[in-house]
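Each of the next two complexes has chain A plus one more chain, namely chain B in the first and chain C in the second.
The block that comes next holds the complex of A and B.
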């Protein structure tokens, strides 16, 4: 069932001289199976918004429904927070700072133990979660979290969230502070989690070039409101307004626009560098140039190599 | 003049009992010319932050020598001179504030140098002006954006009047707008004040703005060249776990598929021209 948010408004320090409106009448629906990117400058309300989704912030005004669980400000009926947190997993910024237990396996099994699973069951779930995020439970399970490398720590922290197999996974800047290789690995991990564990994924990102390659829909926050929520091809026609919100258009879009002015029309639907590259190659082919098959930009050669239709990689229209 | 010179420098962190220490910096020699803008890149654990901490004597080499404007960082009597020549800005803006009012925060450094009050005021004024934060003099940093906080951290360093500023992933936690603010400030310092800038970053778009880039791998200097020459060395970069900017990625992918496009393209206008040569009419 979808996430349905209606008329959501929120103010921090409400009723004090420091009162600050963070969300202002936000309404949107996120359907099962979507990969949503959420963007907006610091203070745009995006973090306040996602914290509503797992009940970390209580609804002040409006309503939030997550997979049929109703979250409201009213005292009764009290929302089923336990069910909510098993349904929607939240990975915060720099999640590795939240590793707390003395071994990795204890840390990852903390969630299921808290949900009432027996120790053995919980640890079995933790082992599965570690495997899913690409860590070997036999190798890292008994280690202290601080013995892991930066990228491993982040994986372990993500394992602690997906261990409950949440249907919806929300990640707040999951690649922040990582090197390019670490970023690529975490993004591939998110795709894998989406395919194998959590079909609905919501990611907060600041990187246009990156998020447009992964998300199927972008929601742009600005001044506490949903500034844009439309197909990406439409969205990037609003380049100047995006700039006013502190965001850039993707490099590929800027390039396609510049080429169009010079008489090379790559067509509609250029929203990321994969589609851009495919469109240029298609043009070359039309001109009789022999070009090899293109399967998406894969710098490190480690993207999940499985046969995909071009629509999967490039979206419709190319 | 040479601002910072490293001669065959080695550094290893203390290892746990029973383990052999691994050199985080492993035989590095380099010279940074005064007034230059140098980017340092490398994957996590490549030794770049250790290198940064050797530049101003926060860490001292196990072997080899680091000299800052001719002064050896191991010279205990002159360590203050070294530290005031090379200022450092770190990653997390929240960890670098010491006072609850902006001007007090900026004054902390010069106060510690024991400067007269008038000079402190002059420096605070100047430093805030350099980072475009003069109007926030009496404000509190805690409610500011990340970009503003990092600019204050830079101002705090500037008030010591360093000749070199080292930024250790200082843009990593900022949003694009905050990153742009910080980059604009350090460019202005480099160009107008002749300040030497050493910028450690994971953002390849920022590397393009430097005149020289040093790629670290396994504690050694793997590449040391202009950004475009470095980004043209695809296979090597993969080995060092570096990815070039989006434009180079696209040029590389097009070349891979047989398009007649050079791989060392780093600017959008260049890729545009290259594609146009193949596809524009006439």
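The block that comes next holds the complex of A and C.
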């Protein structure tokens, strides 16, 4: 079932001199199977918004409905938070900071144990989740979280969220603080999670080039409101307004625009580098230049090197 | 976590905010001492009126001041009960039921003790409401300067204090975040008995400690990298100096303290006179 948000408003420290309006009458619907990118400048309300989705922030005004569970400002009926949190998994920024237990397997099974699963069941689920994020449960399971490398820690923390097989996965800047290769791997991991366990994915990001490669829909927040929620090709015609919100159009769009000014029209629908490259190659072909077949950009030269399977995606490089 | 009233600075402009922070600290210490000399209910009423007046002058809603009591409510109840049943002084009448013994003097004592605690907290809260943390540490550094003579590194201590105070908002934010992250994984921190709740806090406390150590480490490195030393002579961006309003504030405060002391030592508690006055009115 979709996520339906209606007239959601929120202020921090309500009723004190510190009162700060974070959300202002936000309404939107996110359908099953979407890969939604949420963008916005610092303080635009995007984090506050996603924290509403699984009831971490109590609704002040308006309503949120996630998979049939309704959250409103009213005290009763009390929503089933446990079910909600098993349905909607939330990965916070720098999730590795939330690791606390003495072994990785125990930490990952924290969620299922809270949901009432027995120890053995929870550990079995944890092993599956670790495999899914590309960690070997036999190898890292009994290690302390602090012994892992940075990228491994992040994957372990993500495992701690997806272990409950949430239908909806929400991630707040999942690639923050990683190098380009690590970013690529985390984003590929998210795509795989979307295919294998969580069909709906919502990602907060601040990198236009990155998010346009993955997301099927972009929602732009500005000053607590939904500033833009439209197809990407339409959205990037509003370059000036995006700039006012502190955002840039993707490099591909800017390059296509620059080419257009110089008399080369690549046509509509260019949102990322893959589409841009394909369009340029097509244009060259039209003009009689011989070009090789193009299947998307192989950023790290590894497409032909490794088979893409659940267990063996990650090298030690992250 | 964001709504902790005690120790929160109220960023408004008022005559009380502009007072010299050193003077405010001295006032607070004197106020605490004075509270132990209040002899009568009329005296407590006077203190309350004084606090309310200061509160209004500081443009801080009195509601915020009363909210600060919330944190010590359990302490208040326990002290009141203990004082009520274990009063050791002279008693005129005693009412006994099973193992409990209560006397009018015990009630009197327990009530006064409770008022004293409440007013102590409310009074000290005004200091933190009206004085920013950097002002506070600067003032403390300035007040303890004489200790330099006996080789106590006042500057270093002041630096440690200001760093500790600066860390608090960050740590609260961090705690908030980690709490949310663990709640999102189904952690239940709001139900169950006290032991269950303490155990449920572990997944929050451990990451917060780890992050506090990490932050302290990073800050130490940053200070080292800039060759920072607390000890050499430093200039201040904001110099503190006494002004006319400080003198006026001092006179008002002195009058208040004098009244309290007169009540104790000269009049011996004005309550009896008030009671007498009422009795003569009635009779």
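Side notes on the structure shown:
Everything below uses one rule, namely that the second predicted complex is superposed on the first by the 300 of 318 C-alpha atoms of A that agree within 3 Å, B and C clash if a C-alpha of one lies under 4 Å from a C-alpha of the other, contacts with A are read in each partner's own complex, and residues count from 1 in each chain.
Methods note: a residue touches a chain if its C-beta (ideal position, glycine included) is under 8 Å from a C-beta of that chain, and two chains touch if they have at least 3 such contacts.
Keep in mind it's a predicted model, so treat the numbers as computed, not measured.
Which of chain B and chain C touches more residues of chain A is settled by the count: it is B. With both structures placed on the common chain, the touch criterion links A:289 to chain B but leaves chain C unconnected. Residue contacts after overlaying the shared chain place A:82 against chain C, while chain B stays out of touching range. By the touch criterion defined above, A:214 lies against neither chain B nor chain C after alignment on the C-alpha atoms of chain A.
In the superposed pair of complexes, A:97 makes contact with chain C only, with no contact to chain B. By the touch criterion defined above, A:35 reaches neither chain B nor chain C. Contact with chain C, but none with chain B, is seen for A:160 once the two complexes are overlaid on the shared chain. Residue contacts after overlaying the shared chain place A:254 against chain B, while chain C stays out of touching range. Residue overlap on chain A between the chain B contacts of one complex and the chain C contacts of the other is empty. Against chain A, in their complex, chain B makes its touches with residues 42-45, 91, 145-147, 169, 172-173, 175-178, 202, 204, 238, 241-247, 249-250, 252-254, 256-260, 268-269, 271-272, 275-276, 278-281. Chain C contributes residues 2-3, 10-12, 64, 174, 177-178, 180-188, 202-204, 206-207, 210-211 to its touches with chain A in the complex.
Contact residues on chain A toward chain C in their complex (touch as defined above): 12-13, 16-18, 51, 54, 56, 82, 85-86, 89-90, 92-93, 95, 97-101, 110-111, 114-115, 160-161, 164.
Here chain A touches chain B in the complex through residues 41-43, 149-151, 176-182, 184, 206, 209, 246-248, 250-252, 254-255, 258-259, 262-264, 273, 276-277, 280-281, 283-284, 287, 289-294, 297, 299-301, going by the rule given at the top.
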